[in-house]
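In what follows, chain A forms one complex with chain B and a second complex with chain C.
Moving on, here comes the complex of A and B:
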């Protein structure tokens, strides 16, 4: 034994360098080559995907428009005590006049008004109106003149809002996205009748889980049949699974409207065979039922396909072996076949859940009021209210929610336990 | 080598020349019957007068505000003229995304010489907005509901009266118009509606009134939904744009009738994106001058039942181009239809839209 240890110095390669070094060098070259190969795709993803998303998410904290548009006012306003019950003094209004003159010239005052209007309704028209008249002001006595334009300039709450949002960055959008705000006494939730986002977030998760479950329950037997039929028939069936997959999302959703509505095909049939009274037709859409039915159908292929490809790899001899060892059908399925398909369920569930949580067209059309998702509000803020900051904050919340759930999933099921075939 | 180069230069020169000859102008509108009416009344005659101009239609008006902002941030605005509702025009103007318009120098005067600013009058609700049509959001109801026992809705409050007029209603999934109607039927005088709505109690009052029919309401977000639901018998009464109801009633001959009571007037029109390059701006202004003159606005009413925004166009409104029926009685501005009307309060909604929408959506969700 001892003579082998005596011989072991550093192992040398043919050219005399230690093997370790030589190996590392070769590997490094290989890694570099691999890196070069993926570089185009990597750059493509960074430029067209990561950078824009990062830019969008950055908007959730960005607030430069206030200090940029009102630089002097913000500086002077820093000395004003926000807890006082009186509007700031003449110095602030003088600065406001100087800032507004430039802003009205560049037409940025109305943008600022829209920005602050998200925080306090009424500021939009305050700035629009004042921008129009700021040119006609006479020097001196600005406070009086501004209040003459609109008495809201004397309102302490307007000034508190401007002061609170005078920094380059703000937490305001994130607070709004969890139904909170910084009020007069610090952190507080908004009035009960305005709380909506946390509630919608919770509903989005619950409905997405429900949709994932129904997809699993419906998709499992279908995938099993596909995997076990002779190829001739299974190909035909596969087309039936894929056909809806290739149809436009809107077409499928509209088809569900025709089927589910109260004067629709399903209700008509049920009435015709006497199962349902004509005056009490079932409400199958414009509620959560509609959202779950339509989305389950739309997302079903994403569950069936991974399940199918995993089931294809499960050798039939396992079940045969179990049976030959005395297991009945159920035990053979549950103890032998099912555990082998769990990675497929995992992959399908992750796919369906993540797709479901971001859906908004289908819930918008068939969800009524109780079946809409948080994405519907994000869409509203992107396209209608132009409150991109809040939309970005809601997006960050949704994204982090998915990452947390992904982490939990990894802890419970294990992400290496997910297989697409 | 040299000849290759000459060839390339010649080819390049050719492309430049042909580019200068064929000019593309991208016009954004709503699609469907509305875009078709603009095609026939504005685009086709304009292209006939200017054979070198090709008009490209883009049906993005519903997302115009967001898309224009994104284009402007990217520094690459590809649109030349955009059709938007007045509220969106105000928002775009506030955001500095639309160009300010001087009506008297940039728009055609009326045939009798009245300057455009007078001809459009109060409808010029924003410095950037060029009005085109007056439309209204109003109700249509089915005429064959057995449970109503032969009664027909006479006024807006029939919507809230589920005892006399049982059945599902279709209302828009946003507070605008709904809260006004709710207050009117809750005994608030028309002139006080916005004062009442400016207080938290007023908003609660409106929502409480809406809550009385909440279980009977199916909410819509696209204008085509109500006509579809009325035609299917899915709802018995519902709000939508008057032009959509016209097509259900007159073109599709469905058993539906109009309830014009307290229709809410709104405007739709053009804006020109801010910061267009010189040549494109000139072309856009030239098009706008043509497309918003008195005759063109009256022509559009031949194809769709929306009222022209110019006073001078009203007497020129004739018959529907295909159906051959008189269009004047189907205009929201017709005196018989306009007994009780509300003009959309732009200033108030610009201030309160987001806030009230949050309350409304919270109310809907709970």
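Moving on, here comes the complex of A and C:
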């Protein structure tokens, strides 16, 4: 050792190349082989998962439909002063006529209409109507003819909207996802009674935290029993913990509907034993209570399993040592056992929280209106309103929020303190 | 309670223990441990040593019998009220605390002030010669250092009694010998009573005031190390402690202290100390230590003939394996001196022993 450290500079291999270089060369083949092994999975994930998700997230800023459908209009409109209180002149309407002719042919004008409708309600019908009639227009004097089809063509706000969203990219979806918009005077929040997403986001976080807490409180003792029972019994108990995984999520959620509804098993039982009046049955479903109860049940195994595997590694001799040193049962638990299981709580909490924050089916079925999550809104925009851009923007917001929370968690608890076993 | 019980810090009275309700792991355990004594429980794996220690520390209830600590029955006293220090086999240092916090733990739960506890922790660390390690985590210490911290933690709250369950089991031979010396030294300077568990007989012999040899849930013999080695009371102890030659035979006569035995394999008639051999006609196992065999002397008492099978040169002595009777595991330690002519493999030579060195014991 001493003779190699004595020489200055990097260590050299026998042939004079730096040791690091020749080591890297020697390991390259091995690394390549290892990479080949994971290549199929990697490709599979890239093609079926990462690429579609990337494409989907890209939609949150993509706005090509406007410049693609109205190329000439957009070009001419650039010269129009949006702060003027007057609709653009004849040149813009000439370009609009040319664009719309092609668009009506290719039937893309309705899609453009629904895109711009997100920004200004009413534009959709404007485009539909004009698309039908653009064929019948006579050359010249287009401005008049357009305004004759619909007087909204004379509305400055319509033209402002088109101009504002004439770029290839837009921040509109992201602003919408935080209840904001670029109005005439720049950034502003939408009207109080139209705000929904920030509130939903907040509720998603609060409910997810609540679910994580109940999972921790309920899961800790179970994990402890699992880890301390003789193997025969703990195996049986473990099967019971895993049992929910064997039934479909939908079935489990439906079972909770049967249990929780006002004429359901729980209410019937409470009424039968006289705890609850028949006329005042508890509302356990279609509200936040329902979401918390059902999701706690569904996510509990994700808390118990990491906790269990960490508790398994905590030697019982720690508690014994604490007691032999004079600690009573509580002190031995709180000062010695519990701190050693914190990594398990951390792992379980991260797992449960991240699963909860993106949950969809259960809140949809038992959450009612007050118990739904942001993901239900995303699903709505994907499948019902078809506003994929907004759905993508909401998804990005959700994702970045999780990353931020993860970062905060790392700062406070330290991600090294998370152990799955 | 009889008078004088106060001299014994611990007393086990007819203690039995069963885990499953079917087999007794500890069958009938009686022992008195003196104040300030270093008592070792020695026995093969599974013989119930840890179980006895756990009953004393309060982590396992005795199925039957009574345990006294300082003359008080403690069967119903919870572990944390017994005030017994304990060193665990795997040290059981709390991984989330520093060394100093580990040592301060027993003081803190006793409500000691920070200043007092800091002073004691410092002194305890000095005692085990780790004064500068207080800020480290247990995982940042070597095995031997962890072991010393564990000893310091068991002693820092000044208990009268410290239990150690194979504390050196995980260490290599050199370190183990060094630590044996250190523990012994600490025991002598503090005057605490120590109950020590090991299955390493040389460890037991070098450290203990007395050794309780365990087997099969009972104490086979409880005595000082030299007594155990030189006067084993039964064949298990003779076999377990040190090296031993055994020859089986039948008792033909018992005459006071001496028994006349006819060897099974050769029919030789020899004399031995009648220790535990029953009476005339009973089978017996003769036990002779290898260093007590007289070799190459035609006039030796109890003379038989043996054939040299193997010679191992060990510097100060030569270890000679011989065929005597039907046993070819008969070991003789020949001092490496001029008085002893060189032996050769295959040579037939007389072997014998002084009657007092040969003990007639029970058959196993």
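By our rule, the second predicted complex is superposed on the first by the 378 of 421 C-alpha atoms of A that agree within 3 Å, B and C clash if a C-alpha of one lies under 4 Å from a C-alpha of the other, contacts with A are read in each partner's own complex, and residues count from 1 in each chain.
Basically, a contact is a pair of C-beta atoms (placed from the backbone, for glycine too) under 8 Å apart; a residue touches a chain by one contact, two chains touch by 3 or more.
In this text the structure is predicted, and so the values were computed from the model without any measurement.
Judged by the touch definition given at the top, the superposed model places A:322 against chain C, while chain B stays out of reach. In the superposition on chain A, A:16 contacts neither chain B nor chain C. Once the two complexes are overlaid on the shared chain, A:111 sits against chain B while remaining clear of chain C. Once the two complexes are laid over each other on the shared chain, residue contacts for A:331 go to chain C alone; chain B is not touched. In the superposed model, A:286 lies in contact with chain B only, and not with chain C. For chain A, the partner that touches more of its residues is B, with chain B and chain C as the two candidates.
By the document's definition of touching, of the two partners only chain B reaches A:368; chain C does not. Chain A residues in contact with chain B (one complex) as well as with chain C (other complex) do not exist. By the touch criterion stated above, chain A contacts chain B in their complex at residues 107-108, 110-111, 113-114, 117-118, 121-125, 128, 193-196, 199-200, 203, 261-264, 286, 364, 368-370, 372, 377, 380, 382-388. Interface of chain C with chain A (complex): residues 57-59, 78-80, 82-86, 88-90, 92-96, 105-106, 109-110, 153-154, 157, 163.
By the touch rule above, chain B contacts chain A in their complex via residues 62-63, 65-66, 69, 91, 93-96, 168, 173, 204, 218-219, 221, 229, 232-234, 347, 350-359, 361-366.
The part of chain A that touches chain C in the complex is made up of residues 315, 317-318, 320-328, 331-332, 335-336, 339-340.
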